[in-house]
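Worksheet: one structure, shown below.
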Amino acid sequence: MKTEIIIINKERNVTLTAYTQQVGGKFANITKRPAVLILPGGGYQYCSDREADPVAFSYLQAGYQAFILRYSVAEHSSWPNPLEDVEQAMELIRSREDWNVYTDKVAVAGFSAGGHLAAAAATMSKKRPNAAILGYAVTGHDVKACNMTAPDTTPYVDKNTCPCFVFATRTDDLVPIKNSIEFIDALEKADISFESHIYAYGPHGFTIGNSSALTPGKPICNRAHRWVEDSIEWLKDMFGDFGDGEMSKPKCKGHFSGDSDAYLNLDCTIGHLMRFPEAIEAMGDFAKGMDEEEMLKAVSSMQLKGALRFMKVPQEVVDDIGNKLKEIPNRI
Amino acid sequence: MKTEIIIINKERNVTLTAYTQQVGGKFANITKRPAVLILPGGGYQYCSDREADPVAFSYLQAGYQAFILRYSVAEHSSWPNPLEDVEQAMELIRSREDWNVYTDKVAVAGFSAGGHLAAAAATMSKKRPNAAILGYAVTGHDVKACNMTAPDTTPYVDKNTCPCFVFATRTDDLVPIKNSIEFIDALEKADISFESHIYAYGPHGFTIGNSSALTPGKPICNRAHRWVEDSIEWLKDMFGDFGDGEMSKPKCKGHFSGDSDAYLNLDCTIGHLMRFPEAIEAMGDFAKGMDEEEMLKAVSSMQLKGALRFMKVPQEVVDDIGNKLKEIPNRI
Amino acid sequence: MKTEIIIINKERNVTLTAYTQQVGGKFANITKRPAVLILPGGGYQYCSDREADPVAFSYLQAGYQAFILRYSVAEHSSWPNPLEDVEQAMELIRSREDWNVYTDKVAVAGFSAGGHLAAAAATMSKKRPNAAILGYAVTGHDVKACNMTAPDTTPYVDKNTCPCFVFATRTDDLVPIKNSIEFIDALEKADISFESHIYAYGPHGFTIGNSSALTPGKPICNRAHRWVEDSIEWLKDMFGDFGDGEMSKPKCKGHFSGDSDAYLNLDCTIGHLMRFPEAIEAMGDFAKGMDEEEMLKAVSSMQLKGALRFMKVPQEVVDDIGNKLKEIPNRI
Amino acid sequence: MKTEIIIINKERNVTLTAYTQQVGGKFANITKRPAVLILPGGGYQYCSDREADPVAFSYLQAGYQAFILRYSVAEHSSWPNPLEDVEQAMELIRSREDWNVYTDKVAVAGFSAGGHLAAAAATMSKKRPNAAILGYAVTGHDVKACNMTAPDTTPYVDKNTCPCFVFATRTDDLVPIKNSIEFIDALEKADISFESHIYAYGPHGFTIGNSSALTPGKPICNRAHRWVEDSIEWLKDMFGDFGDGEMSKPKCKGHFSGDSDAYLNLDCTIGHLMRFPEAIEAMGDFAKGMDEEEMLKAVSSMQLKGALRFMKVPQEVVDDIGNKLKEIPNRI
């Protein structure tokens, strides 16, 4: 492994630590690697070492290139300084050929205030990451308590937001859990893929949750440390996994429904389809059952394919509806 | 283990299957056992066997008594029939002495429509469970799609709701994930303890998620089956664990903050405390920093103890504030 | 699930408890199930309930049919009574059509003295199981300490022994760990497939190792409980896993090398091949390097395919040797 | 984290790569760290990168300092060159104060030929490690196949050998599994603590067993990768865990029985105690039951405390025997 420390912005004390692993040689099947850019927390006052190296080791072990950004804090923390730092780091990670990074497989992982910054990268940045891991992140208005100039990121979630992995403890006494809840609610409304784990109890800032990273004496539930392994498995689902020369195909796509696809399809939600007269015709009898307002409200977020299966509609009818829908251009 | 099938309501075909394990004897340290009442899904049309025995085995293995309620479905499903069935079952479980159940450690575990029923038990019932496990539960208005008479449970969440463990897959094509998100949002607002896991992808109705319970051929992420083990660990946190004669103390309490305690304290949220002039006085300088509206909004959900720690307020000052708050009666 | 208690031998108080799950119906993809016959421990003086139901629940949850045999103990324990009980149970499990068991997928799982009995079933029985799980089993001469008439099973391990999963704690103060070591050593010598886990510390009789099954107050390492899940995964490897109508193919075969196959092949060990002049000729240059006694001794247990790969012998040469070997009949 | 590459022996191309983490600062509770010295495999012909960094990341994540020794190979591999390299590395690790290593908590972790070297360090070295992790190690005579000058390490196992964690796959086609079996057998005979995991199937050289370290296309059972996490938990048991300023006490001691303690005690094996006439007297009635040769043979490896518990000897009698034994000096 090579270690480099690159000065991103001298005046603002911004550095990028690059931990990069070899490709080829004894790793003959690996030609490039996915990457994680780590954004430690610290209330925009400092960048915590507890959320730096220990996190990097976790992803390095999984075969990823790992980068730690010590972004603009304290007197340099005015927005958009920190986000600009992230954008510069993202650009560097994607352009340095000797780092052997898949340019479309770069995640950010941020914690607390760093989680705010990761969420900003995922929602507002000009250099978007391909996935975001948000740990006890102060994604909402609460960020003002540590950085008055920093924006609430939740309203910026839209269909261009990358898939997110969101975790926190329900008893976080510093960053209220509603930050995470409101963020995944926004992801759901924007039809974005995500995974989320809210653990029953544990302190703020528990980082990777093992004995060497935890502050002694603070009770934490025994599930909390699993986010590390789970986020690695999730990244495999979103980015694909190491294979023989190239990564395997992702198992999960970035959007849930077909509501933003070019043409209508069985993955669309019923609420979306019912806005298209041609789709109503294609759904035939099924659509007729939807004309009651209360029923329509009840099923509007359901995917058509699930509803048809639940109604035990025969497969050939389902296929027929699917074929008809595929002819109808979507208006989003 | 003893197996009994008890007819709860003959006309409506309601039965309770009781799987009860011995206490004493070779289990000398066990005098009673906690219990789980399982409510299978099936869209209020039937009770699925896939969500019955396999779930029971999981909790039996953990040392729990397990009960399966086949509640009123199909032509008998009109509300409140199913909830009445649950109430009768709860009463029986708590009163049958030969079942050796801790009356204050009875959880419900419901799936899909059964998850709706479990949520109703947790929020609306006269015989409340002590914890609820809600699997891909149709907790919201969407329940109307399968049972027009059944109520949206989310509005009923209040400070008397029991702790909940909520899980689902983000890609559920039948019960939209917003059911789970809105439910945990309501739990948060009501200050109720919970744990939640939303897995990246997997089908509706994945039950315990192993090869014998899954329908073949439907992709599911490799974290989804972990809810079983995690819910058992969570129940230990809420109910205590087996010990030498009696259960150990719970590690997690049912409410998060001190906002509903009899007297004010450091666990109260700042927003709550700022409503009490005496509390403002007790917080001294700290409260003065809160007078800006934007700042107060940012910190209102934060617990006072977390904020004081973040501000590095010396421990003796923290203790002093704590002592003063404890004198102030709470008005909820 | 159905529960039946069948009297196997009234005089000797031998019973078989059958916990059988449904096939078909909502489990449409399951037509039969593999099974586990559980043999609790108790020093041939009794059958411990701690190693009965809790073990059964574990395999039931995995989709297996589970049977508990309370075999001949105390005054009825003279050999071969207990083994005869097992044989009767095995025959019943394989012949009762309404139990829907795959007759070639029946494992035994025995603990302590019950582990001795399971090992006897695996090595000496007329009704062999298809796999054996041996927990802190008194497989060796030490069995005499609790049953003078019972045989040391280790000498009976031969090429007809079924695959075994062997676990124990290194600090077992009742059944010395050498029982397990000598048993796996015998399995290795007989070329039998096995998996084994010897955990650093923990008491004898820890059964499934969770809080409801453990005796309080006895330190045990946090890996010890994993044998349950690991043995289930191992059974899947040996028996195949649930699929769409039938079980998938096993991933691991019952013998390690090709030394007992009908014809020689690349999976044979070098020591075995060097006994055949035709094989020596087929191996060509490679065999010449083996003529030194010390070298031959060093590589005799190595499979030919591994050695050729290590020597970087080109694939076409390897294929050529393989083709020649396949023509040579084996003499075992 | 700091990275240093130190030349241990220029002529022989021996280097030590040191990955050292900070103590103090944000890790206020950590004043020193335990360490692992990694010895990659490669048949004494090279040092494999696949068994270098990926292994280091695993222990770094657990809070350990990690060191990789690229020892004397190929033309420099004559014994005792490689062992001398290890001794120099061990000395350096224990003496470099700026590396902040607990001098009594330094483990070696070796793989394949590197596992042979780790076993040699554990059994023959002048600078012994405090624990050894041996992965698919060629501990026996088979080492001659890759290095004629290297000794069989198994005969050197004695009561001064450090605790060992031994893992391999049963189907290793290059290093026969009997290497691991014979090594743990020797550990048992020498009364040394150990943990061992032999997984049902998988290729030689599977390193940390995840997708980035495995060679694609070689079947491996899904337990095999768990040695990483298990070895970390085991090291915690042997070394203690991170606490508030210093490490907690170890949970497991280095020897199993009391047979090498200064005075006799209840942890001694019966076979050992029966060699002392004073001990026979102290054991009273219990010892009388041992006079039959066959019975004595059956119980000789059993610890006295286990046997007394099994015989249900009352606690006060047990205590009395224990007190008498403690007066009798041991002759080992």
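Some points to look at:
Letters A, B, C and D mark the chains in the order given here, with residues in each chain numbered from 1 onward.
Just so we're on the same page, contacts are C-beta pairs under 8 Å (C-beta built on N, C-alpha and C of every residue); 3 or more make two chains touch, one makes a residue touch a chain.
It should be emphasised that the depicted structure is a prediction, and the values quoted were computed from it without experimental measurement.
With every chain reduced to the mean of its CA atoms, the largest distance from chain A is reached by C.
Mean C-alpha positions place chain A and chain D at a centre distance of 41 Å. The geometric centre of chain C is 27 Å away from that of chain D, both derived from CA atoms. One simple way to say how far apart two chains are is to compare their mean CA positions; for chain A and chain C this gives 44 Å. Residue positions of chain B with contacts to 2 or more other chains are absent. Taken chain by chain, the contacts form a single closed ring in which each chain touches exactly two others. Those chain pairs judged to touch are A-B, A-D, B-C, C-D. Chain A makes touch with chain D in their complex at residues 1, 3, 21-22, 25-27, 29-30, 33, 48-50, 53-54, 56-58, 60-63, 208, 210-213, 215-217, 236, 241-244. Contacts from chain D toward chain C in the complex involve residues 43, 141-146, 148, 170-178, 181-182, 184-185, 188, 193-201, 204, 219, 221-223, 226, 230, 233-234, 237-238, 251-252, 256, 267, 269, 294-295, 297-299, 301-303, 305-307, 309-310.
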